[in-house]
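So that we are looking at the same thing, I have put the structure below in structure tokens.
To keep things simple, chains are lettered A, B, C and D as they appear, and every chain counts its residues starting from 1.
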Amino acid sequence: MIKVTVWHENYHDRTDEATQAMYPGGMHNVIASFLKKDEEFEVRTATLDEENCGLPDEILEDTDVLLWWGHAKHDDVPDELAKKVHERVLRGMGIIFLHSAHMSKPFRLTMGTSCTLKWRDNDRERLWTVLPQHPIAKGVDEYIELESEEMYGERFDIPQPDELVFLGWFAGGEVFRSGCTWYKGLGKVFYFQPGHETNPSYHNEQVQKIITNAVRWAAPQVMIEKLDCPHYASLEKKRLENN
Amino acid sequence: MIKVTVWHENYHDRTDEATQAMYPGGMHNVIASFLKKDEEFEVRTATLDEENCGLPDEILEDTDVLLWWGHAKHDDVPDELAKKVHERVLRGMGIIFLHSAHMSKPFRLTMGTSCTLKWRDNDRERLWTVLPQHPIAKGVDEYIELESEEMYGERFDIPQPDELVFLGWFAGGEVFRSGCTWYKGLGKVFYFQPGHETNPSYHNEQVQKIITNAVRWAAPQVMIEKLDCPHYASLEKKRLENN
Amino acid sequence: MIKVTVWHENYHDRTDEATQAMYPGGMHNVIASFLKKDEEFEVRTATLDEENCGLPDEILEDTDVLLWWGHAKHDDVPDELAKKVHERVLRGMGIIFLHSAHMSKPFRLTMGTSCTLKWRDNDRERLWTVLPQHPIAKGVDEYIELESEEMYGERFDIPQPDELVFLGWFAGGEVFRSGCTWYKGLGKVFYFQPGHETNPSYHNEQVQKIITNAVRWAAPQVMIEKLDCPHYASLEKKRLENN
Amino acid sequence: MIKVTVWHENYHDRTDEATQAMYPGGMHNVIASFLKKDEEFEVRTATLDEENCGLPDEILEDTDVLLWWGHAKHDDVPDELAKKVHERVLRGMGIIFLHSAHMSKPFRLTMGTSCTLKWRDNDRERLWTVLPQHPIAKGVDEYIELESEEMYGERFDIPQPDELVFLGWFAGGEVFRSGCTWYKGLGKVFYFQPGHETNPSYHNEQVQKIITNAVRWAAPQVMIEKLDCPHYASLEKKRLENN
């Protein structure tokens, strides 16, 4: 089983009618819903308004892959929690940053860059698959039409991705590295651009497939307790001593 | 002119006789000394024990390429200063992290990883040039012998480098990605492993050449004032309106 | 099922006693043997001395992952076959190049570089895992001791790998990028350095695990019939016509 | 001085009126013309219709950076010449592949992939700068408008670039990795997509700046005579013998 936690700031979902209409029950539950179709996933949700921002240590330590959606309330995530999430990634947890999570504290800590970009509401996107042989693109079409999505445009201030899986084309004239992976510490990181709160992207089956694939891809292989710099005795000296 | 600031925690140089004997006048001055041979460099030093840790805003903003050496006193660098250095890199400044700076706050912020590794004093290193066509390897031999250097061994917890320029071989049995580059924001970053405070590496002419090359390579090409996410009007809409 | 073909030039195995003693029945059969322990693999062998060099079209087209070992007889592989193998990789087949296959025609065609390196017989290698979170490193130790292996040393003339999974340390003083991956076309490529014909590396359980992992990792996800440059009608024009 | 050779298949320029009107005197001469404005460049042209296809050994060996434009006559370039060009790149020569040279023999040999893509005449392109801190992007705007250019669309079958410098947006709905770099052997390679023979891209000052920058960037740093796999005596053994 892969233990998945869908974290959501859950702000527009409680305050904005358009968001509520688009994602009844909250976007985190919509995402959890389609992830649950994968029988190997054990899916939880967690939201900012819950105690400990939904991520007490026992939940975070029990999570294999974390999905993160935030937008208006990045600053309400305590620095300490952001550091814990980041550190857990370095120790092996997979993490998927969705859409406006590009400016979230954990993403910025993980990238080591500003993660700034250009933006505009209500554009039309065509998402191109650039690396169809990547596990995250499994079963994904040559391109996906998203009739209404927020434009995110270059220059996206990220480190050069280890793998560029999807490129976004916007009708207004911009391009974007919309699906990128990085190894970070022992964890795997995927950033995926579609998913504005008033746009239907998470209802799109191809988008759901991508996120589901990404969870599988990001599942931990190695997980450690502690990050440290051990003193390391000379293997060659030991060898001489043993002979 | 490239404005270079050599920053040094300057601790062992004031407290440890072996360090003083190895780098009379302080390691920062030894490094500044060989950099000054390049007539296009305007070289300053700055140390942790100076006011504002040697890096008040007016110095940091006036620096094109910063070199950073720290080891025992990483924690004495205020978080705020580390963030400023990191942010200045993202806005375009070049930075070269030397040896034990792998655990410095600015390096860890810039990498987004733990930067942990294995270590051992007093080993022997052979530094291999893997990417001789890289500007940082200009004029550098196939390998460099360092009779006495601190062993740093894999796994080095860094993001996959954009370019792997040098690989270290240690007599005790370890390997290390000893010279790595990354684009980070608008800045260029080089990490270079040799340089323990009681070892003579910075007196080695080949090492001096590498660091000099790295300063030239890291010199800023684009420099911005502010990192932000601008709203961006549709270029295609403007186009239609203009026609 | 993953259809695996182990291709071997099978020269030393027929002419050299030391090789025969090390790999009774031929190295290809030893490799096929441990791969067959994975129940999802359907394993065949093919050798240069067979008809069509062991790789008639019907075999090649029926192969998901090809392993390639060659050394003394690279030139006996017809250019046409090398091109077919290369083209099949571009259409999606996975391929694993073992040891001296670094100078094989298919590897050089796939890399687009000379693949030259330094070498010396009968050294001792310690293989370090640099990317433990990579599928190919699953279950692999921090390092593997190979008491006797051929030294391959840098500069290894390969394109910068997409992923550097293993680094080799040699007692004689050299380092080597011993385990590297690349996406090439729709195929996945793994190069793995250990495996000299008179050394016991393919009897090493950790080495067997790496090669088994690599086969799984390289299994095709997308496979196409033909590589071409299609004329592509404007999606936006179609869209306007449909509205 | 950087010795630059602009190679052109020079076919449309001799047979097609639209091309002749767009690039009077031949596209190679137009390109050579703007390159000559850089006083450090010594610029030659060479065309397919000349003796030895314009590239006898003495010219090729005397070239630091080669530009290559071909389209309709890729097959008329002898395999032997393509191999020589490729091999010279591996020995250190810089090379810039322009537009339809994506299907040229030297590019395909150098990439090791099929280099296929989608295409359509007479679209409109907006070329975005993704890596403004790269030497090839020096002085280049945030984006360049190309009113009429051939659409090249993803999936572009190239190895993951070492650096992705420019991304193309096309009005018809496609995206393209339009400016990419690779280290290949000791040479540096830049692919740049604009430049259809009946479109005015090479008259665009920003495009000229990019190509000029690319020539400087690709100038050789290390150049060798021969590619081989030397036997290499143990450095550690020598060391013991010397002590």
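By our rule, contacts are C-beta pairs under 8 Å (C-beta built on N, C-alpha and C of every residue); 3 or more make two chains touch, one makes a residue touch a chain.
Please read these numbers as outputs of a predicted model, since none were measured by experiment.
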item	value
Intersection of the contact lists for chain A and chain D	B, C
Far-end chain from chain C, centres as C-alpha averages	B
Computed distance of Cα centres, chain C from chain B, in Å	37
Intercentroid distance (Cα basis), chain C paired with chain A, Å	32
In chain C, residues with contacts to at least two other chains	126, 131-132, 153, 160, 162-163, 171, 173-174, 183, 235-236
Chain C contact footprint on chain B (complex, rising order)	126, 128-132, 142, 153-156, 160, 163-164, 167-170, 173-175, 177
Contact footprint of chain B on chain D as seen in their complex	92, 126, 131-135, 137-138, 143, 162-163, 171, 183, 186-188, 220-222, 235-236
Residues of chain A defined as touching chain B within the complex	86-87, 90, 103, 109-114, 116-120, 123, 151, 153, 157, 159-160, 162, 171-174, 182-186, 227-237, 239
